[in-house]
Each structure stands twice: as structure tokens, then as C-alpha cells.
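As written, the chain order gives the labels A, B, C, D and E, with residue 1 at the start of each chain.
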Amino acid sequence: MSALLDLWTVVLVSAGAVFYLAGTVGLLRFPDALTRLHALTKADNLGLGLVVLGLVPQVGGVIIGIKLVAVWLLVMVSGACVAQLIARLVRHGSDPAP
Amino acid sequence: MTLLFDAALVVVLLGLAAWVVLARNAFAAVAAFIAYGLLLTLAWLQLHGIDIALTEAAIGGGLTGALLIGAVIRLRTAPPAAPATSMTLALAAIAAATTTAVLAACVLALPDPAPTLAPLVADNIAVTGVENAITAVLLAFRSMDTLLEAIVLLFALVGAWSLGADSAWPGRPGFAQSAPPNGILAYLARILPPIGLVIGVYIFWTGADNPGGKFQGATILAAIWLLTMAAGLTDAPRVGSRWLRAALVAGPLGFIAVGVFGSYSAGAFLALPPEAAKPLILAIEIALMPTLTLILALLLPGPPQRTSS
Amino acid sequence: MNDTLLYGLTACALIGLGVFGLIANPAPLRKILAFNIAGSGVFLLAGAVARRGAAAGFGGDPVLQALLITGIVVAFSATALAVALVLRLNAVTGDVTLAEPPAEPTDDND
Amino acid sequence: MAEFLTGAACFILLVVAVGLVRLLRGPGDADRLMAVQLLGTGSIALVLLIGVVSASPALIDVALTLALLAAFAGVALVRASTTRRPPDNSQ
Amino acid sequence: MTTPSGWLLVAAVLLPFIGMMVGLVAGGRHAARVAALVIVAGLAIAFATARTVLDASQVYLLGGWAPPLGVALRADGLAAAMMVVVAAVIAGIGLYARRDFATPPGVTEARAPLAFWLLLLAVWGSLNLVFVSGDLFTLYVGLELLTFAGVPLVCLDGRGETLRAALRYLLFALLGSLLYLLGAVLIYGAYATLDIEMLAHLVQPGIVTWTVLALMTVGLLAKTALFPLHIWLPPAHAGAPAAASAVLSALVVKGSWFLVVRLWFDVMPAVVTFDAAQLLGGLGAAAIVFGSIVALRQKRLKLLVAYSTIAQIGYLFLMFPLAFDIATGAMLHGDALTGGLLQAASHATAKAGMFMAAGLIYAALGHDRIADLGGVARALPVTVLAFAVAGLALMGLVPSGAYLAKKLLLGAAASSEQWWWTAVLQGGAAFTAGYVVLVLTRALRSLPAPLQLATKVSRLSEFSALGLALLSLLLGVAAVVPAAGLPAGLISNPLAPKELLPTLLVVAGGFALAATLARRPLFGDGPWRRLMTAAGTGFENADALLRRWPTASLALIILAAAFGWLLHTGNPA
């Protein structure tokens, strides 16, 4: 059982790390701010999500596991909102007319 | 492996710090500083300072970043200062290198094994009734420093307010915010506060026995309040408001009151009678919490700028 | 090389970087940033010193760690006050420079 | 397990650190902020990894704090860039 | 152990802070009333503390926790004396400022008056904390409190140039605190305590302690504005409202100076070396010459007084080399320290009086151009008298505190065979005389028509300035009080030839300096004057260079290195 859980952790955390890599590559390689933003939000939220899910079996406690998932949800909400805000900033230029 | 992580962290930290200092673009420097603050949080964890990491996460990740971003954007219109001469740069580099070298020599010369007060704290912590040693130091052994820290914050706020224009006194700090009420910012400012409130109070509450405490909790609450201000959902109070001022001094005055109580019940100012130590520590923290929240939040918008809302 | 030494020496380098910025960068806001870098170097040094003092079941000397938290708060309030001053200076004079303007030439032959 | 998780932490740290090149290059404020944002999510993952490795659940509180304030820099930038200052009420 | 009257120390620190908080809530006119109440109570506490300290030093263990875990407040004679001086000066300034910082009629609250009264109390509490705190970190917090309270005082009137001065002050002071904190961290790393008394027994010379002492000293010098680190002082002190200038110039700089004294005499007396003490004294001597000459070259009275503060700060550091005992290789509490303390007391009172007088002249004339001061003595006799008395007290005439201090320091110089400091002490008075003579000759000149005053000045303000100046002039009487523990026979008949001759020489020297260096000739032109004027311009240019940010901050690092090196080479470790 324990070995299976460890395997779960290894696979998911590794996958999460790969998504971080994808996010970085997108951030560096994509041509303009909006596409970079697109790549970034997908990648880092998924990356963190996979890391979180991978770690859940390792923390040994339901409450802690829930807190762990709460971290991810929080990042998703605020990440999505900030992405929206940044996108608007990019589209309107840095000082839009009111 | 851990040392490898430490080494990588240190390299990135140094690179970011160098970028903060050397970057041409001021906004890039500020952005790098925020990133630097995030990584510093990791460094505190590696150094087993979880309480410090929490403080750094709340202050560095939240308040300082927002403060500096606001400032750098507002200063964009200002004419640039004359750049330093190459002579200055060379001398400054020599001075900086010498400083680093001498300090490094001092670090290498520190005694081994290191002297420490940890055993003394361990011997005395039981009397305070709390389990978090940092809280015991901050609110029992060296509670004077904590009282003074609250007063420092109050001084900084009074100092910042005193910079305002006479015509705006005693008005509201900062500029009016009027975000679209159904915009994404307002959305964020509606869903984050309840969560933030829970987390802030939780961090405060758990601080007696686990890492956390009034200061970290207050920072989180302050950040949340600022968010609602930025979204235009709330407005900064008038600096002339009597209730605001009363709340600003309630914490330190409550702290002093508990201290005076200690001089009657336990024989010394700020002393805590052992049987009531934990409730009194909690009382001090509860008194300080709203004051710290208000001051930390109001330090960002700065002096009063407008007489009406 | 152990971890406290690594962080201690890093702290020294950070202080050096901050000192360089404080001396060489003419813009006040950048000086404030440099002050914060140097300040975090001092705090990191304290963190390394506290970690060296780990004993009695604590991961670091709790007294110094507690002082550090106070120090971080004081540094934040200093930053806030300095930023408020810079912004106010900019609002009143329209520029931000520490250099004093040359004396008015009208009463120079006094 | 600890070895693997520490290794993963090193990897993520390096990856997001490379992403900081965007912070250096820009060109816009938004690009720089995105690099910070990536580093922010990365550090949350790192905090959690360190927490599991060192078996200290209190670290999750640090991650929670970071997550809660992750949006803060972005909001500050957007607000500062879009707030028009009143003409001059300073004097 | 906590002593029976130790609670007085807690009260001395907290009462002003509580007053500030209550004043903030009460707001408006009430803030001034709260300040008045606190000043009365604070004076009583300061005198009561001094009274108890005469019997024994007072200690208070906060929270009942003994160092190294807890924090102790301690008051020795040094601290108690400073507390009394500060309380007296605060009281004088409080009286003086009643009119300047009254809330205007028809308004419930105005910004500047509220801020002034709150900050006045804030400065006071912070200073008391610096005097009595027995812990290096609590002292750091106290220093920051003092800075945060002092900086807004600089720019109370909100003009751009004062905001710039305040920013320079804040940034430079922050650099200073950073070095201080760095020193505190290192010393904790070496000894795991920050308690002054425990450190005094533990500290051994070595690379860590040399670095610590050098860093902390230089950091504090930056806050004290000792030459060549006076980058922020002239614009800040000259631009602030007069009452605020008096607070800054007479009191705030004394806080960090006091900490240097604590460090050198009480925390690390055995780390100090002869050479390092000479360097500190040498900076003081340079400050006297430099500050006085640049003061003579000023066009505006408030700037002149601000530059004279730089010279007076120099005086405060002359005692360090004289207190160094070659036999034991350590700093000794003795006549030199007493002399230095007396100097601080007499400067605090006289400087406050002088700034207050200058402020009144500015208010009455609507300007403070030195060249156009003619007729002011007739229009404002009490104010000019206050300026004159403060000037005489600073010059060290019998029976001023500065006179007594000079006597003690001359004695220490003679007994430690450091004759060169005798020359500095005697010559310094002539420099002081120079700018006093300059201002008085201008002010005493009569005009054909009486002056039209821009505003009527307040009697209360005039007399509080005069009161503080007289206090300084009469401080020498302390020698007659047996409790002060001063050697007998320090005060002698001022008209005896042995006393009269130096006095006359000082005044004559002052005339010579004023005549040759002032911007407008006092008695006419000549080749000698042209030479001196050129030298004066050179000093002004040097001053402008030193007060540029890069120069000043580099000087800070260089000085730290110099102190570190002199501490290192002088110690056989």
C-alpha cells in the first residue's frame, strides 16, 4: 500500500514539475504577452495542482490534506483573477482611458 | 541533496538581489524585489524559522510589494535622477566588497559551538503557558520590545499622516478608487475576504502553540482590507475619525494596561502571573490585533489626500 | 560547508549589494529598495546565527528569531514612511532627487 | 521519498528561476509580473514540498498565506496603473 | 534585581508615549493640553529619578525576567542627568511653541499643531528609552522610534525643500540603523546576549568585536551627524520650524551620541584603543573647525545656527580620547566623562535657546538674512539677549556649563598628557566666539528708523528662549552643589587675571575670525581678509562636496573601516 502511495506521489509530483517546465518554456518562448499569459496560467495551476495531489498521501492527516487542497483552490481563484486583470492591462495599454 | 537546494536557492537570491540593485528599469527592480521576498520565505524555512517565514510571506509577499509597486508606478512621470559617475560606482563597489569581506571574516570567526539562549527559553517556557517559543519571547520574556514595536508602527503612521497637505486634513488617505462594481477586481474582493478573514484569524489563533501570531494574522487581515479598498468596495477612514484613532491606540494602551495589572498581580510591569499567563497573553494579542491591522493597512495609502470621499 | 555558513556568507554578500545600491543609485526609491536588500541581509545573517544556536529541541535560538520578527516589522514601517516621503516630495516638487538645488543666484553677492 | 521530493524541489526551483529571465527582459510590466506570478506559484509548491520533507505541517500555513496574497502584487499594479490622480490637490 | 524606585524608569519611558496616544485620540486643541500635562508630570519623574539615582543606580527588570532572557531598564548618573536635561529642554520648548503651534481659531484640528505636539512627546519618550534601556536591541527600537519621531518634525511646514531634507535625513539615518543592527546581530552571535551589563563582562577584543564596535559607532555617528557625516543636518535643522529645530538640534542628536558613550564606556570599554579614541576625538575637532567656519560663511541666521550645531556636536566627542586610560587600556568613567556630559547638557539648553531666538527673529522680521539684522536688538531686546546669552554659554564663559566642562576636560588632558587636546579646547572657543560675535555685531547695529516688524512675537516664547539660555549659562553653578560630586575649586573669580586673559583672547579670536571670514566685511577689507575669505570659500565647497550623497555614504564606510582598523591594530590580540 505504502509503495503504491509513494508511486502515486512520484508520478504526480514529477508530472507537476513538468508542467512548471512547460509554464517556463511558454513564458520564455511565446511571442507576446497575451499568449504568454495563456500558457502561464494553465501550466502553473496544473503544476501546483499535481504537486498538491501528489503530496496528499504523504501528509498523514485528513485535515492537513484538506488544507493542502485549499491552497491549490486559493491559487486557482486568485491566479485566474490576476490573469484577467493582467490581460485587461495588456489590452488597454498601461493607462486606459476611464 | 538539501544542500544542493540551499545552494540553488542562494544563487537565485543573490542574482535577484543584484538585479534589484543594478536594473535600469525601476519597475523591473521592484518586481525582482517581490520575487526576492518570495524566495527569502523559502530561505527562512530552510533555516527553521517558520514564524519568520510567515512574517516574510505576509509582509514581503503582500504589503511591501504592493507599497513599492504603487510607488514606482506613480513616480514614472518624475524626471530621472542624474546617474552616478563611474568614479562613484568604482568606489561604491570597493566599499561593498570590503564590507562583504569583513563581515564574512566575522561570520567565519563566530564561536563554535554557538552560544545560545535556547536552553534558557526551554527552561522557562512552561511558566508562560504557551508552546510556541517565539510567542513566549515576544509576549513574555521580551514583551517590552513587542509593545515598542506597536508604538514604532504608530509613529510611522503618524509621521506619514503628518506629511499630508493642510487642505486635506483631516480627510481620507489615498485616492478615490472606483472600480467597476461587477468587474473582476470586485469579484476577487468579494470572495477573498471571507477566506482571508478565516486564515488571518486562524494564523493569529494558532500562534500561541504553533508558528503564527498576531502580527502575521494582522498583516493578512490588512492585506485583505486593502484589497477591498482597491476594488472600491470600502474606503479608507478619515484620519480625523475618533473611532479610528481610538482603535489605533487601543492595542498599545491595552498592552500597557495588562502590564500595569502585572505590576500589581505579579510584582513587575509586564509580568504575567503564572496561573493566568496564557489568558493574559491572549488578551494582549487580541488587543493588538485590530490596531496592527489598521496601522499596517493605512501605512500603504499614506497621508490624507482628499477631504471628501 | 554547512547550511548556516552558506546562508551566513550569502547574507554578507546581500549586505554588500545593498550597501552598493545605497551609495551608487541616485533615485530615492531605488535607495529604499537597496536598504531593504541590505536589511534582509542583516536579517538573514541573524537567521543563520539563530540557526547555529539550535538547541534544547528548538530548530533555532527562539530569542533571536523573535527579535528578527520585530526587526522585519520595524524595517517595513521605515520603508512605508520613506515611500510616503518620496511620493509627497514628488507631489510637491514634481521631481524626486536627493541633490539640493543650487542656491538662488539673486542673493549670491550678499 | 525525501530524496525524491527534495530533488523535485530543486528541479522546480531551477525551472521557475529560469522563468525569471522574463523578468529581466520584460518588455512590459505585465511580462515582468507574469514571471513573478510563476515564481509565486512555484514557491508555494516548494513550501509544500519542504513541509512534507521536513514533516512539519505548520508549513502549510505559510503556503496558505502565500496563496492568499498571491494576487496582491497583480492587483496593486493594475490599480496603480489605472487610477488617475486628481489634477493637483497636493499643495 | 529591580530596585525600589525602578518603576520611575518605566514611567519615564511610557508616560510620554501614553500622552502621545491620548493626544492623538483627543485631537485638536486637546493635544497641546495633554502635552502640557505630560510635561509637568514628566519633569517630576525626571527629577525624582535623578534624586533616587544620587543614592544608587536604579534597575527595573521588565516582566520580572532577568537578562539575558528578559530586558532590564537601568539608570545610572549618566542616564539620570540626561533625563533631567531633556525634560527641562522639552519644557522650555513646550512653552515656546504654545503660540507657534496653537490650533488656529475656527478650526477643530489643524495638521501641523497636532503633529508637533504628538511628535514632541514621541521624541521625549524615545530619548528616555535610549537613556535607560539596558539592552542593545531595545536600544535599536528606541533609535528607530527617535528617527521616526524626528523626521516628520523636519518637514512640518510641507515645503518641497524641507521634504527633501527630511528624506535625506531618513535615508541616512536608516543606513546608520542598519549598521547598528548588524553590529547587534554579530554580537549576539558571539555572546548570545544583548544585555549591556552582561556584555561588559563578556566582551573580548577580536575581529567580531572590532567590527561590531566600528559598525555600531559609525552607524550612530551618522545619526548624530558628526563631521563628515553631517549630510542631512544643515537643511533639516535650518528648514524646520524653530521649535522643531530646537528639538532636533538640542535633543534628537543627543540620543545617538549617548549611545556611542554607552558603547564605548559601558559595553566595550576594553575593546577601545588609544588610536580609535584619537580618531573619534579628531573627528570632533575637525567638526568644530569646519562647522564654525562654514557657519561664519552663511547668509541666513538659521543656517548659521544649524552649522554651529555641527561644531557643537564636535565638542561632544572631545572627551573620548581624554577618557582613555593608557595604563589599563580601557575607557574610564571619570572627569572627562563628566565634562562631556556637562557639555551635552549645556549645549542642549543653549542650542535650544539659540534656535528659538533665531526663530523669533525670523518670525518678527519675515526673513533671517544676517546682513539685514540691523535694528533687531532694539526691536526685540529679550530675543537678542537670549541669543547673546546662549552664545556666551556656548563659548564657555564663567559660570556656564561649557566652562565647567572645559575645565574638566583640560584637567583630563593635562593628567593624561595629551596636550594637543588642550589646544583644541582653547581654540574651539574662539571659533564659537566667531559666529556669536558676527550675529551680535549685525544685530546691535542701529538703524536710522525703527524696524517695522512683520508680526509681533510672543512674550512667553521670548522668555522661554531666554530661560533656556540662562539655564545653560548658570549650569556651572552645579559645581557648587556637593551632590554633583565634582572636584572643588573649578569655578573661580571670572575677573581674576588667570581667567580674564583666556576669555579676552577667546573674544578677540572671535572678532578676528568674524572680521576675516564673514561674507560682508565687519571693519573693512584687506589682503588678510581676502586670503581668509578664499579659505572660507574652500571650506564651503568642501562642505557641498561632503554633503553629496555618494560622498557622505562612502565616508561612512571608510570611517567604519578606519575604526575597525584602529581597533584591530591597537589591540595585541
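Everything that follows uses one rule, which is that contacts are C-beta pairs under 8 Å (C-beta built on N, C-alpha and C of every residue); 3 or more make two chains touch, one makes a residue touch a chain.
Treat the numbers as computed from the prediction; the structure is a model and nothing was measured.
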Check: Whose Cα centre is nearest the centre of all Cα atoms in view?
Finding: C
Notebook entry, point to check: Which chain's centre, taken as the mean of its Cα atoms, is farthest from the centre of subunit D?
Noted result: E
Item checked: By number of C-beta contact pairs, the top two chains -> B-C
Check: Going by the average position of its CA atoms, which chain sits the greatest distance from subunit A?
Finding: E
Note to self: Taking the mean of the CA coordinates per chain, how far is subunit C from subunit E in Å?
What the structure shows: 26
Note to self: Between subunit B and subunit E, what distance separates the C-alpha centroids? Give it in angstrom.
What the structure shows: 33
Check: Per the centroid of Cα atoms for each chain, what is the distance between subunit D and subunit E, given in Å?
Finding: 47
Next item on the list: Identify all positions of subunit C at which a residue touches two or more other chains, and write them in rising order.
Entry: 15, 18-19, 23-24, 26, 28, 32, 45, 49, 52-53, 61, 63-64, 67, 70, 74, 77-78, 81, 85-86, 88, 92, 97-99
Check: When you check subunit A against every other chain, which residues touch at least two of them?
Finding: 74, 78, 81, 85, 88
Check: Mind pulling the subunit E residues that touch 2 or more other chains?
Finding: 68-69, 137, 141, 144, 148, 151, 155, 158, 163, 182, 186, 189, 192, 550, 554, 557
Next item on the list: Please give the residue numbers of subunit D that touch subunit A in the complex, ascending.
Entry: 1, 4-5, 8, 11-12, 15-16, 18-19, 21-22, 28-31, 33-35, 37-38, 41-42, 44-45, 48-49, 52, 57, 60, 63-64, 67-68, 70-71, 74-75, 77-78, 81-82, 84
Item checked: Touching residues (chain side subunit D, partner subunit B) in the complex -> 3, 6-7, 9-10, 13-14, 17, 20, 23-24, 26, 29, 32-33, 35-36, 39-40, 43, 46-47, 50-51, 53-54, 56, 58-59, 61-62, 64-66, 68-73, 75-81, 83, 85-86, 89-91
Checklist line | Residues of subunit A defined as touching subunit D within the complex | finding: 6, 9-10, 13-14, 16-17, 20-21, 23-24, 27-28, 33, 36-37, 40, 44-45, 47-48, 51-52, 55, 58-59, 61, 64, 67-68, 70-72, 74-75, 78-79, 81-82, 85-86, 88-90, 94-96, 98
Check: Hey, which residues of subunit E end up touching subunit C in the complex?
Finding: 68-69, 137, 140-141, 144, 147-148, 151, 155, 158-161, 163-164, 166-168, 170-171, 174-175, 177-178, 181-182, 185-186, 188-189, 192, 235, 299, 369, 371, 519-520, 547-550, 553-554, 557
Next item on the list: Going by the contact rule at the top, pick out the subunit B residues touching subunit C in the complex.
Entry: 2-3, 6-7, 10, 13-14, 17-18, 20-22, 26, 29-30, 33, 36, 40, 43-44, 46-49, 51-52, 55-56, 59, 63-64, 67-68, 71-72, 74-75, 78-84, 88-89, 91-93, 95-97, 99-100, 103-104, 107-108, 110, 114-119, 121-122, 133-134, 136-138, 141-142, 145-146, 149, 152-153, 155-156, 159-160, 163-164, 215, 296, 299-300, 302-303
